Structures are given as structure tokens and as C-alpha cells.
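What follows is a set of structures to go through.
There are two complexes below, and they share chain A, which is joined by chain B in the first and by chain C in the second.
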Partner chain A sequence: MTPVNIVLGVIGFDCHSVGNKILEAFFTEAGFKVTNLGVMVSQEEFISAAIETDARAILVSSLYGHGEIDCAGLREKCIEKGLEEILLYVGGNLVVGKTAFAEVEEKFLKMGYDRVFGPDCSLEKVVELLNEDLDSRPKGND
Partner chain B sequence: MIEEDRKICVDIGSTWTKAAMFNLSHDRFSVETRAVMATTTDHLPEGVYGVLHHLMPGHDWHSLESTPVPVHFASSAKGGLNVAVVGLVPEMTLQIARLAAFSAGARICAAYPYRLTRSCIAAIEQARPDILLLCGGTDGGNERYVTENARAIAGSAFCGTVVYAGNNQAVDHVSDLLSERDLRVTENLMPDFGRLNIEPVRETIRQVFLERIISGKGLDELVRRFKTQPVPTPLAVLNLVEAIGNHVAGWDNFAMIDMGGATTDFYSFCEAYYPDSGTILKGIVEPTLKRTVEGDLGMRVSAASAFETARELLLANLEGSEQSLEIMSAYIDRLAANTSHLPADLAEQQFDQLLASACVYHSLMRHAGTIEEVYTAKGPVWAQSGKDLRRVNRIIGTGGFLAAMGRAGDALEMPVAPAVKSDKIPLLPKDFEYFSDSDYVLPLLGCLAAKYPQQSAATAVSYLTSLHHNEEQVKEFSHREFTHA
Partner chain C sequence: MSSHMLSLDSFNQIRSEILETWPTGRGLSLEDGIAYQKKIPEAKNFAVAMRKASEAGITLLQPRAGVALIQDHIKLLQYLETEGGADLLPTTIDAYTRQNRYQEAAVGIEKSLQARTSLLNGFPAVNHGLIGCRQVTEAVRSPIQVRHGTPDARLLAEITLAGGFTSYEGGGISYNIPYTKKVPLKKSIEDWKYVDRLVGIYEENGIHINREPFGPLTGTLVPPFVSHVVAIVEGILALRQGVKSLTLGYGQGGNMFQDIAALISLKSLAHEFFKREGFSDYELTTVFHQWMGGFPEDEAKAFSVISWGASVAVLAGADKVIVKSPHEAMGIPTKEANAQGLRCTRQAVNMLCDHRFPISGDHQKEVAMIEREVKSIMEAIYRLGNGDVETGVIAAFEAGVMDVPFAPSIYNHGKILPMRDNEGYIRVFNKGNLGLDDDIMAYHRGKLEERAKAENRAVCFQMVTDDIYAISKGRLVGRPR
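After this line comes the complex of A and B, so read on.
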């Protein structure tokens, strides 16, 4: 079976790179073909990479507190570029300060992200959910 | 007995066949003799024998079975191969495909991202490119677009060569769809996202280029007789630029402009992006050696299109002079009617210079990347796209017109750019010294660049004339040799 392509990166002008490296290693280990765009990634780059690699999911990180501004509009841009079926996950320290996670989650779900994670999520659990979501979602592109 | 320290180089252009005998002593060549003749278009070897006879009269070149001096030759093959590029994302595979085609010595007549629509196919059928370069998708990535585009090409009337350099997983599908075509499959030009792999495509296009040059017009005769493969002229020049950049001290940040009647070719040799400069990069890191070709910018065949492109720039530069855009427009019409026209008076000479500086300006602007300030949550940040030419500190001018200008002692004039309202700042050379190939030896030396990179590079630099930015001087009108040295 050919591995599922996923795109990974830290959005905006965020340069926290440690978590990004961990995610790359973890998802590669879990059998995905990871295209890691690294830190300071724009929405356009996420989308270009997803198109060229035929990715089925984009995993967005935001650590520095400006996640809300940086992440808004990605779903709409994906739809505009023909990536209607792509899964969007987001995680990290998504907002500044101590906001209840449920509130943060709701905000990002509203923006069109399929799943939202905090900094202390279990990555095994994330992989499990991702596989489930991929199974239940038609392959958009071919 | 072959004399190994002498080399003959012949450049078969669309109008002129030029040749020179070079002598190798120590670390460089020197020009011994030169010759030029009108190209004999229906049987190219005729003109070649003609120039060879000039260089070495003692031999009967028509019947010679082996050559007394090694002969290297380059041919521009009707001004270059036309390539249509079809990629996926514009800033990614499509841009890489452009760079690859240019670096193989080709001209690009059309470029399409994503899906080939019926109107794209119609445009390709009409443009009749020699090659269609099809790519898109990383290896194991997107297959849908390349297969759909292959199907569209299969259903079209386009019958040239298709070079496939896309997703390797789609190769079988694409090959089946294009089984009726002359299809060349090569490695993906972007195997992983953001990673460039230009060399295999470049080599494949070069191969097709050679086949086209050699077939017909009798060049196979020269290949047999001189036991050497021709080099496409633009590739010879590119090889020389690379050799200079790699081998000559102080020449690791330079550019070269080759301006002809039909096109303006721009070459640069410098790092494309400096990560230390506090700037982030959008899109790909462009290659150190880059070539672009502008088919609408030229001094004669393309004078009308260059005039159109440069209208605003010309207007700004004509301000305050007694000439006007209307008078210049009439001159451009005369050029269109007679593409071998030479300037007949001071005014026409001034128009030629203006046109040349406009070609320089626009080809430079298109070759260079840009930088723009983007406002982020963390304050303003610079974002670069394309190639940074700010450190280019030397520019060489070659091609008939710039060589002739060099002989007259004229430096390259950068035109006064009209103020444009744009947030994008072009990454142009800040301060450069201008060198003219006033002896017009670079294309000929280019024939030797692949085999003798060090020596040909040293030679090229030693033949350049350094011209400093103008001190205002009254110029006498001189009737310049325009087309050849």
C-alpha cells in the first residue's frame, strides 16, 4: 500500500521548531509520507504543498499565540484551490494566555478545522484519530 | 596530424556564420584569426566551409575527411527551440519547469498551471512548440493533473516531442496515454516538495535540441566529418557563464545580457537567497546559474513588441529630449519593415540606444526576484520571492548590439525607471561594473567551455572591456557594424 501523504508546518511567523521536528518523526514512524515545511509557513505554502504532494491532511502548528489570526481562512483557501476533501488539523499553544480549551476548540472548529489539539495531546491518539478520519473520508483527488 | 593546441570554433547563427581560430598557450586561449560569412540556410555546411577556408586557406574543406585542427561548433537552430511548459502549482513545478527549459537553451512560448483547458490546447496547437514539457506532482504525490493533461495532449493535434518530468508514479499512465507521441520520460523535476532536480530535464531537452539541430540542413555532415557534436548556442553561452563563475576569482556574483534582434537573454551567476539577511523566502530557492529568455524583447525582429512593452519607460526617458514617442514609433515601423536596418543618423542611433536600454531594463526586471514588507503579528517582516541580484557587482553585455556599443566605448545605460506604485521592490544589482564583449568572442568561446572550462573562462574575462558609467561626452555619430564583429 502506498503511504498517505500529509503536510506539516508551523504557520505564520512562528519559529518554534522543536515540536515540529517531533511531529515529523512521529508521523513518519506511524507510516505517513510527511512533507514537512518547517517553521514560518504561509497558508499559500501549505496549499501548494498539499496540491503537489496530493496530501490528504494538513497538520498546522501554532505555538506563539497568534494562531487565531494566522489560521483563519485556510479552509476557504483550500476549497478555492480544489482541496475540498482535505483534512485540517491544528495544534499547539493556539491562543495567548489561559483560555479554556473547549472554547479554543470551538473557535477553530468554526474556522473549518476538523480537529483541534492542545500542547499536551497524546500523539498516539492523534494518529488513531487521523486514521479513522481518513477511512471515513473519500479520497478527494483521484 | 591534429594540432591540439589550436581550436576552431564556429557559431552558426540564423544570419551569420562566425568562426575563430584559438590558440591555447599556458592557461588560456588567444584569438588568432576570425572569419564571418552569411549563413547558407539551405545547406549549413557551405557557410561553415567558407569560414574555415578563411581561417585555413591551405585546405580543401569540401572534401577533407579529417580535420587538421579540432573544430567545435554551435548552432542556434532557427533562433532556439520553442517549449511549452505545463506544470501544476504556478510557483512550484511550473516555475521549476520554466527554469529548466531556459537552462537547456530553450525559449518558452507558453506556460500553463493546473489543468489544460480546451483554450490552452488550442493555443498550443497554434504555437506549435518543438517540445511540450509536462510535469506536476511530487514523486508519489498528485497524479490527477498530469494524467488528465496527458489525456488532453493525446487528444490534441500537437505532434511535437513531449518531455515528461512529473510524478514518477504516474509514468505508466502517462506513457499509455501518449503512446502515439514522441515521448521522453525523465526524472521528476521536483521529486519532493521544494527540492529541485533540474539536471535530468535539462539533459533531455538538450538531447532533443541536438537532434533537431542536426537533422536537416546538413549538420550531420559536419558531425561526421569533425567527429564532434554541436552545442546549441545558448547552451554554449550558459556553459561559459558557469565556467566563469566557477573558475575566475572575483567573478562569483555577475550577470550577462545577450541582446539580439529577436530575443534578450539574461544570465546570472550568484546565490539566489541569503538566509542570513533577515528575510523569509516564498516559493523555491532558484539556482545559482539562471537563464531567462525574453522573446518579446529584441532590437529588430522583436523591436515592435519591445516598443509596446517599454512604452511607459520610453516615454519617461524621452522627456526633455527633442524626440517624441511618435517619431520613435515611426522608426520602429521602419525596423519592422527592414530588420537589417542600421541607424542612419544620430536620432536613429539614439532610438536604438533607448530601445536597448529598455530591453535591458525589462529583461532584468523579469529575471530578478522581489521583496515586500508583510505585516505580521510580530511586526513587519521581509518576504522574498525569486532571485536576489543585489550582490551582482559585474554585468557583461554581449550580442551584436551591445558588442558594437562596447566598441564605440558606450557603457550600458540604465534607463530612468518610471515610478511604479507597487509594494514589491525588485532585487536589482545595487552597484555594478559594466563589461562589454566588444570583440564579440563569448559565443565562440562558449563552444570550448564544456571541455576547457578553466581556460575558456580565463580567456573570456581577459577579452572583456571594462566601461565605466558614463562621463557625459559628446559622441560623434559612427556607422557601427551592427550584426557582427
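After this line comes the complex of A and C, so read on.
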């Protein structure tokens, strides 16, 4: 079975690099083909990388609090570029200040993200959900 | 005048260009800035406060804080002063301003107005301009500093110093390598020469401005010698431009003995290398950052991490401690949580301030180790630069002879891998191309083997990951579960 391509990166002007390096190692170990764009990635860079690598999921991180501004509109841009079926995951400290997770989750689900994670999520669980979501979703261009 | 000093012609030419990069810079007058600074009472001068703390042997408390709107920011700082009991105040700058994205910062201000809450993670000082900055600095009683993470901080420095701030954090290495992805080191060092020269000009006009290179770097398992080398090099670069008040920093590693040894060696090594560069006319103080890595989510546990950092800061004799909040795991704290961090720190600092901590025996050995490690890298830097530390440090980063763990910059080698030994000291597992002597590496390796044996597993990358998340999961050393 060929590995599933995924795109990983920290959005906006966020330079939190430690978790990003851990995520890359973890998802590679879990059998994915990871294109890690590193820190300070624009929405456009996420989308071009996803198109170039024929990725089935984009995993967006945001740690610095500007997630609300940086993440809005990514789903619409994906659709515009023909990535209707792509999975969008987002995780981290997504808003400024301590906020109930349910509130944050609702906000980002509304923006069109398929799954929303807090800073303390278990990576094993994320991989499990990702595999489930991939199984239940058409493969886009195939 | 030192041969390394930026000439007045170059300074003025750069100045005329950078003031044009955003409307709030236009027409900014250096003379007006100096005249304004002269009116600020001595009790509000950051450099004076640091010197006095050092002379009195006390540890001052400073939080981090910054929000999008001027009035909210003032309320936040006043709260930290009155309810938190902060000795020194910050103004933390938002991440868009740090990357010179003033247009995005403007959108952030607008959205914050609509949302009636800050959507920015700091105070966009460039957008608010000179008047906005003066409103802030005039509304507080304590000395106040600009804290940020800006590779090109020239316009921000012009506006905030003229705006009444008396201390400015950062440096050409410490605000590049951990804070951005694609800015060449040569460029950020050049741009920070301008900032340091600006501070030098204020000094020559009788205004003391404190400068603080950012100590903790990536805040993740940074061995003391790595951050010491950056602090010492940035100290030299600042002194070359006429800076007089320097505060060098170190981020808590977690093992008390290593942390105390680190702060002791930081000061003695800095004096040694500053002397070697021909400097004697400066004031050197130190800052200790409470744990900069991941925090436990449980606030009770977070208070324990804060309190431990406060305790070690005092025992290590730091002149200042940068305080975390119980909301750290979730990002930016509310003003109440921020003040709680300060009060928690105050209790520990007051309880320990009369203690003396004699460092001796095995612990003295750690001081000697850090000194050897720093000298090993510094000599490599001097060799690569044919005697010049600025050329040398750029070449050293390029070759990986100097390397910062987990940094985002593509101009950092990124091959060094640190991990904890069996007692929680931070050691080097993989040195990459680091300019460390073989016998130093053998010592590190030996210490890591002790841990591997105790944990019944080989020294491996998994240990690094375990160590990174250990404190947020309730321990110092990432033992196997």
C-alpha cells in the first residue's frame, strides 16, 4: 500500500518550531508521507504543497494565539483550488487566552476544519482519527 | 571610538530609510526622543533599577504582558503593578509587528475593537506610534521594557525609545535563530547594530537605556553553554555600539545545580570575554527566566513550576526573574492569572532572599564544565573569524560549529540534540558539528549512559521527546512509562 501524503506546518507568523519537529517524526513513524513546511507558513503555501504532493490532509498548527485570524478562509481557498475533499485538521493554542475547548472547537469547525485539537491532545488519538477520516472520504482525484 | 562602531553617516542614512517604512515613523525626531527621555524620573529608569538591584543583592520581578489596544494595555500593566506587585513592567509586542507586518497588525487592532477583546498576542507599538507609547509609559510607575522577538527591530526601537521605554530586549542572534525562518544571520546582526547604536546615542546624551539579549533561545532543553555563547557574543556586539547597561539572560533548565552553575558562569565568562575585547566601562546584570518549555495544564501544578523557578532564581543570585503564569499551558494569560504568577513568585523570593547557597564540590565541577564548553565554542568562533567575533559567529552558525536545538531558522544547522542525564542535567546527545572538544563530549556521553542504564534502554531519540514533554506531564526527566 502506498503511504498517504499529508502536509504539515505552523500557520501565519508563528515560529513555534519544537512541536512541529515532533509531529513530523510522529506522523512519519505512523506511516504517512509527511511534507513538513515548518514554521511561518501561509495558507497559499499549504495549498500549493497539498496540490504538488497530492496530499489528502493538511495539518495546521498554531501556538501563538493568532489562530483565529490566520486560519479563517483556508477551507474556501482549498475549494477554490479544487481541493474539495481534502481533510483539514487544526491544533494548538488556537485563540488568545484560556478559553473553554468546546468554544474553540465550535469556532474552528464552523471555519470548515474537520477536526480541532487542543495543546494536550494525544498524538496516537490523532492518527487513529486521521485513519478513520481517510477511510470514509473519497480519494479526490483518483 | 571603536572601529566596529556604525558611523554617524551610515546611521543617519539607514535611519532616513527605516522611518519611511510605516507612517508612524515619518518625521520622528531623535532630539525630541532624547529631550523626552530626560524628563523621565530616575525611579522609572530600567538601567538604574537593574544596577541598584545588583548592588543590593535582590531579585526583581517582571511579568510578560501585551494586548492590542492602548487603554486595555494600560489597564493590564496597572493591574500587574498594583495587584501583582511587579517591580518591572514589560510591553510584549505582537507577532505581526515582530515580522514587520504592520498591515496585518492594523487588521488585528481593527478586529480586536470589533470583538471587544485582544485578538493579537501583544501590543502593536509601531502601529500605535510615539503618542500611543508615551500614553503607556506615562500611565505606569515602574521602569518599563520592550519585549518582543523581532529580527529587524529598528523602527520599533526608534518609536519605543522615543516613546519612553528605558529597556529593549533582543539581539541579532537571539531574535533571529529562535524567532524566524528565512532571515540571514548576517542581516539580523547588521540590523541590530543599528538598534545598539541608537541606544549608544541615547547613552552619549546622558540617557541610560538597558539592553537585554534574549537568554532562553528556543526554551527547550538548551544546554547552558549554547545560550551563554549567544549572550556573550551579543553582549560584545552591543558594547561595540556604545551600550552601557547589559542584562544577560538564562532560561531555567530544571536541575537546580546546573542552573546555579549556569548563572555563576554566565557572569564570570561575560566579564572575561568583554575584557578580552577591551571593554571595562559597562554595567552587567543577570536575568533568570522561569521554565520556558511546556507547562502542566493543571494550574496547581503550574504554580509549583513557577515557585521552583522563583526559588532557583534567588539561590542563583539573579538580579531579575521573568515570571510565568498558571495559564502558560493554554497560551496568553488573563491579567488575574498573570498577577497570580507574580504573587506566587514573590512569596518564594521573599522566603529565600536571606539564604546563601555556597556552591562547592561536585557542583563546582559543573561551573568548570560550562566554562570549558563555552571557551571551546568561543575559541572556534574566534578562529573562524580570524580573531573577529562577528565574522566568526556567522561562520560558526553556517558550519554548525555553533548550533541551537529545535530552532526554526534555516540558517541554523539544527543537528545538535540535547537530553537530560540521570540527575536531570541537560547534556548533549548528538553534537552535530558543534565545536566541542572530544573529552567534553565523552563526559556528556558518559552521563547519558548512566541514565540509559538506569532506564534499561539505549540512549535514543525517544528520550529527547520524553524530556520535552516531561514537565507538562509532571516530572523533570522523561522516564519510560
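Annotations for the structure displayed:
Definition applied: the second predicted complex is superposed on the first by the 142 of 142 C-alpha atoms of A that agree within 3 Å, B and C clash if a C-alpha of one lies under 4 Å from a C-alpha of the other, contacts with A are read in each partner's own complex, and residues count from 1 in each chain.
As a convention for this text, a residue touches a chain if its C-beta (ideal position, glycine included) is under 8 Å from a C-beta of that chain, and two chains touch if they have at least 3 such contacts.
None of the values given here were measured: they were computed from a predicted structure.
Of the two partner chains placed by the overlay, neither chain B nor chain C lies in contact with A:Gln43.
In the superposed model, A:Phe13 makes contact with both chain B and chain C. Of the two partner chains, chain B and chain C are each touched by A:Ile69.
Applying the stated contact rule after C-alpha superposition, one finds that A:Ile22 touches chain C and leaves chain B untouched.
When both complexes are overlaid on chain A, the residue A:Asp120 reaches chain C alone and has no touch with chain B. Residue contacts after overlaying the shared chain place A:Gly97 against chain C, while chain B stays out of touching range. Once the two complexes are laid over each other on the shared chain, residue contacts for A:Ser61 go to neither chain B nor chain C.
12-13, 40, 64-66, 69 are the residues of chain A that lie in the contact sets of both chain B and chain C, per the superposition on chain A.
Residues of chain A touching chain B in their complex: 2-3, 5, 7, 12-13, 33, 35, 37, 40, 42, 44-45, 48-49, 51-55, 64-66, 69-70, 141-142. Chain contact summary for the complex, chain C toward chain A: residues 94-96, 98-99, 101, 104, 107-108, 111, 117-121, 149, 178-181, 218, 220, 297, 327, 329-334, 337, 406-408, 461, 465, 468, 472. For chain B in complex with chain A, the touching residues are 88-89, 91-93, 136-138, 140-144, 169, 190, 192-194, 280, 282, 376-378, 381. Looking at the complex, you find that chain A touches chain C at residues 12-18, 20-22, 25, 38-40, 63-66, 68-69, 93, 95-99, 119-120.
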